[in-house]
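Scrolling down, you'll hit the structures one after another.
Below are two complexes that have chain A in common, paired first with chain B and then with chain C.
Let's turn to the complex of A and B:
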């Protein structure tokens, strides 16, 4: 679009006024946005960009000598046992939590589709853990997992099974965290699936019943394909959230965290430890960049899958 | 919109009674940790660690609650949480309405780029840029201050997004034109016309901001060293490390942290669930 003013004399004044008014609008927009954008830049944009820059330096908070080291931090990460363990644990935790919570939420959503008072009540009860803060709930779960007096070991004793050190045995603690993670996020996934199912136009189901599809076939060939965008959204947001797991690990397993066994070392804990116990900010930033790349990769996969679906 | 006929959804291989039983069992598991927490908080020390575990206290007592306040400044932690969450809520609402209105109703160069930039950076986890943010606050001496604790929670990409969607679809352009024709300034229109029409989205955003700031943990853990600045979550964690065996008191402290969220949920349940549903539809 050309912005040059028309040369014909009588018409010249009106567009000139319009142009100045348009510039007035631009100025107004940026003035209103200014505080928001400034805050946004200061607390998000700059730090994100700086985390990439920091990761290229040997940047120690306790030292003023901070040499540029290129990709050396990343090279060191690839052979850092703590980091690799954290990456493995976090990935295992994320995949398990997301799969379990999705597999449980889907049939729940199907069972609660009908808009009745009991459906509303169940939605509220299942959603409750989502809004409760993590720290107090982690403390409550720690008590439930208690070796001597916890409910879980009580149930095992009823079945004449030996007690399990839920939060102290290396092999078990991760699954204890997964159980709590599923408990926390199940209601969120449930609500999203419920919306997805309720938004499927009834005509699809009417058509399918004319064709004689029912039960599993209807779910497999009607509900599931139409639910795919929501399903992908749930999978990706839940995975991203799961990769940032930290609070419950800190509250429930600290003490065993720095012990030789390292019950459950997760990525964010490793970042926290490198950055704020050893003050290796550059090295911790390299880990943080890896975390970001994982999350971005997952998001790109989601967009790709949804776009592929629409094409 | 026509909704899916629910009866058509019955898979048929499970009888209705079994479905109801499973739903009830699942719901019981979901609320068990909270019920267990509440029940334990009323137990005298002799009843907390007993075998076999018993849900309800025989001789309920408030001693744990008095004990918690005596052992640590939980009143202060609680007020800190309230203050920080309220400040973040107000700021998130203001920034979301301002940016949402501008992005929804005005055209200006760079509009799309800025909006996309705000949305895409929301994907980056806070945990991966908390270190540079921390370093940034050292020279301005905001480490160990209230303003430093609350800073990252003052803006919410999702809030800007939701308000843009809401204002774009519910505030008619004709209304804005009419106000302009009456000589209203753009700022007056924003404050007096657009903002009042977006209260439902504002309340949703406000709830999210409050819950998010209330549950804030890793950032306060990094930046607040002074116990007087602790929020409930940090206070509880510190208390846990000191009194790791006194579960009666620990549960009482936990109840204090969960209670405001539970009350908010009871009062605003429908709005909260609808807002969550919205994230999926728009996402």
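Let's turn to the complex of A and C:
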């Protein structure tokens, strides 16, 4: 059964006014946002679009001859040993860093949930690496990893264990970077989880207590599901950050007493080398486009996985 | 009356113009500011001192200097010069200048500068290095290499070694006597500090310090002007074998311990193949170190890397004449001595009296006047050379510590073959590969 409203002239004008007001609001919002959007387009979207265009050229920075090569740069990537190695290393680094930093941050956040002075102190301590600039930090870690004078090997010597060439051994160097990467991002993830946990309404926990749930069951069926938006954010940001790893690799492979290049070759370093060392801007742009697509793809997968579970 | 006024104006213009010509290029303009970019921050005091001296006779010329690390400098130049910006003057190696010349971003030297370069102040080898397709480009300031063997005299005496090594066989034998390990077997001092780790073209450059005496070259030029690898041969294999033996068989060096100039200055290595700037490091950080410098030992031949670093005037400079005049002043005999004294880098000029410098620091001897009979080699002036060296470096660092290569000549040969194939591929990609 359908209900028909009496049609009167003033009633017909009311929706029209609402539509008009809504459009006015949209226009106002877009006008207010326009400067920021324009800036975003100029410093973000335009360079990305330009990189896509550059990737279709054999564009040498120091040469006036820049022929169009179509997808040849992309075709070359599939057989470029350095690129493939960098892709493998970056993926290993990213998976390890994201997993370790997430898995470690969550229990730490649970342990620091109570608002006590010691919790605040630990939060500050864990967050310190996040705000410390990367270059001095990487130099400090280079010394921490030093074979002769590094604190890690000193600790190993106390346990009568042999010294490890943290940065100079091909099989260890990448994992040394992972350790540093986890240390750097752990505090950030911890704070996000902490905020998420503290925002879970207490009523859920009270209800679960009445139902007899505690410990693992409470975490599994209340905390974790309600933390999913935060978990998604942590996974996405940590993955993007991990795939963009560069500074510590650059610093730690600089000089004669440093990590062997191939052992820690990562994508952004490879892009940097091709673009700013060999001046192959077109080729480097193709690598950058591939990196963007990988990160974009992983983000979509993460969104799908977490939201899929929610559904 | 009007005619008289016009004549007066004309006379004044002619007079001023004549005065301007007589005063030279710098004084023709009223105020000139030359911008100079350098990739060697340690040379900045030298440039400042030279600019101050130049200003005494050219008070209207001011020189502003921007110094950054070499890699940053190369990037800045590569972005600026092709877009018609950048400084009036810049110093840069042939890895970049070759690209600029290739792209038409550098003009050949003007006739007076060409004559100055060919005046006999520089050896024909250096002049040839600055010559591309029959035209000269830039002026040579210093030599980026002339690498030689530094040895610690105290450690040699302690080990009972009377003389520095003259051959690579002697070098390895000496290194084995000089290496020091602690009770746990951990190396605390290397016999020789080789470049074993890190990344970048420098690793391959150091490999060439041995490859060239062994009879090979990284790439060689054919009669038709093309290039191909020159190390997929006995010399290449012997050189890699030398490194692998040093690290894995004789254990005279280890990537895990302190390296390079720092190690030599601190007495943590007995020998080091490096450039003259290490003398400056020693003077600053450990002036009491008792050391000597001799040519890199002989293998099949005795060879030294010459690597002239050039000074160039930007094609788009508004003050080219003044810039070239300043560069001629900068590369004068007086400034050659000042450069070496202040920075440790050796001037390329061959007509300088080095006696005052040598009486103070005799270790400069091998750098400023290399022994007779030594052959020189140079970096090929082709844009892709830097990429060949950089990419090969990543393979070398892996090979040096690869246990599969220890005592396995077939694996060594295979590793060298792969590196050579990559070099040839890069040459092909650059369109300069050929064997005829």
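One rule holds for everything that comes next: the second predicted complex is superposed on the first by the 252 of 311 C-alpha atoms of A that agree within 3 Å, B and C clash if a C-alpha of one lies under 4 Å from a C-alpha of the other, contacts with A are read in each partner's own complex, and residues count from 1 in each chain.
Please note the rule applied: contacts are C-beta pairs under 8 Å (C-beta built on N, C-alpha and C of every residue); 3 or more make two chains touch, one makes a residue touch a chain.
Note that the coordinates shown come from a computational prediction; the quantities given were computed from them, not determined experimentally.
J.: Look at A:277 in the shared chain and tell me whether it touches chain B only, chain C only, both, or neither; answer first, second, both or neither.
T.: second
J.: In the overlay, answer first, second, both or neither for which of chain B and chain C A:218 touches.
T.: first
J.: Regarding the shared-chain residue A:83, is it in contact with chain B (first), chain C (second), both, or neither?
T.: neither
J.: Comparing chain C with chain B, which touches more residues belonging to chain A?
T.: B
J.: When the two structures are overlaid on chain A, which partner does A:285 contact: first (chain B), second (chain C), both, or neither?
T.: Touch status of A:285: first partner only.
J.: Have a look at where A:57 lands relative to chain B and chain C in the superposition and call it first, second, both or neither.
T.: Touch status of A:57: no partner.
J.: Figure out whether A:93 sits in contact with chain B (first) or chain C (second), or with both, or with neither.
T.: Neither partner.
J.: Report for A:148: first if it touches chain B alone, second if chain C alone, otherwise both or neither.
T.: both
J.: Could you give the residue numbers on chain A that contact chain B in one complex and chain C in the other?
T.: Correct list for chain A: 61, 148, 254, 276.
J.: For chain B, which residues count as touching chain A in their complex?
T.: For this pair, the touching residues of chain B are 1-13, 19, 22-23, 26-27, 29-34, 36-37, 40, 48-53, 95, 98-99, 101-102, 106, 108-109, 111, 114, 117-118, 121, 123-136, 151-152, 154-155, 160, 186-187, 190, 211, 214-215, 217-218, 221-222, 232-233, 236-237, 240-241, 247, 250-251, 253-255, 257-258, 261-262, 264-265, 269, 272-273, 276-277, 279-281, 283.
J.: Which positions of chain A touch chain B when the two form their complex?
T.: 25-26, 28-30, 32-33, 35-37, 39-40, 42-48, 50-51, 54, 61, 108, 110-115, 122-137, 139-141, 143-144, 148-151, 154, 157, 183, 186-188, 191-192, 194-206, 208-209, 214-216, 218-219, 223, 230, 233-234, 237, 240, 243-244, 246-247, 250-251, 254, 268, 271-272, 275-276, 281, 284-285, 288-289, 291-292, 295-296, 299
J.: Which of the residues in chain A end up touching chain C in this complex?
T.: Those in contact with chain C are residues 60-65, 82, 147-148, 163, 165, 168-170, 253-263, 265, 273, 276-279.
J.: In their shared complex, at which residues does chain C touch chain A?
T.: 71, 75, 78-79, 81-82, 96, 99-100, 102-105, 186, 188, 193, 195-200, 255-260, 262, 383, 386-387, 390-391, 393-395, 397-398, 401
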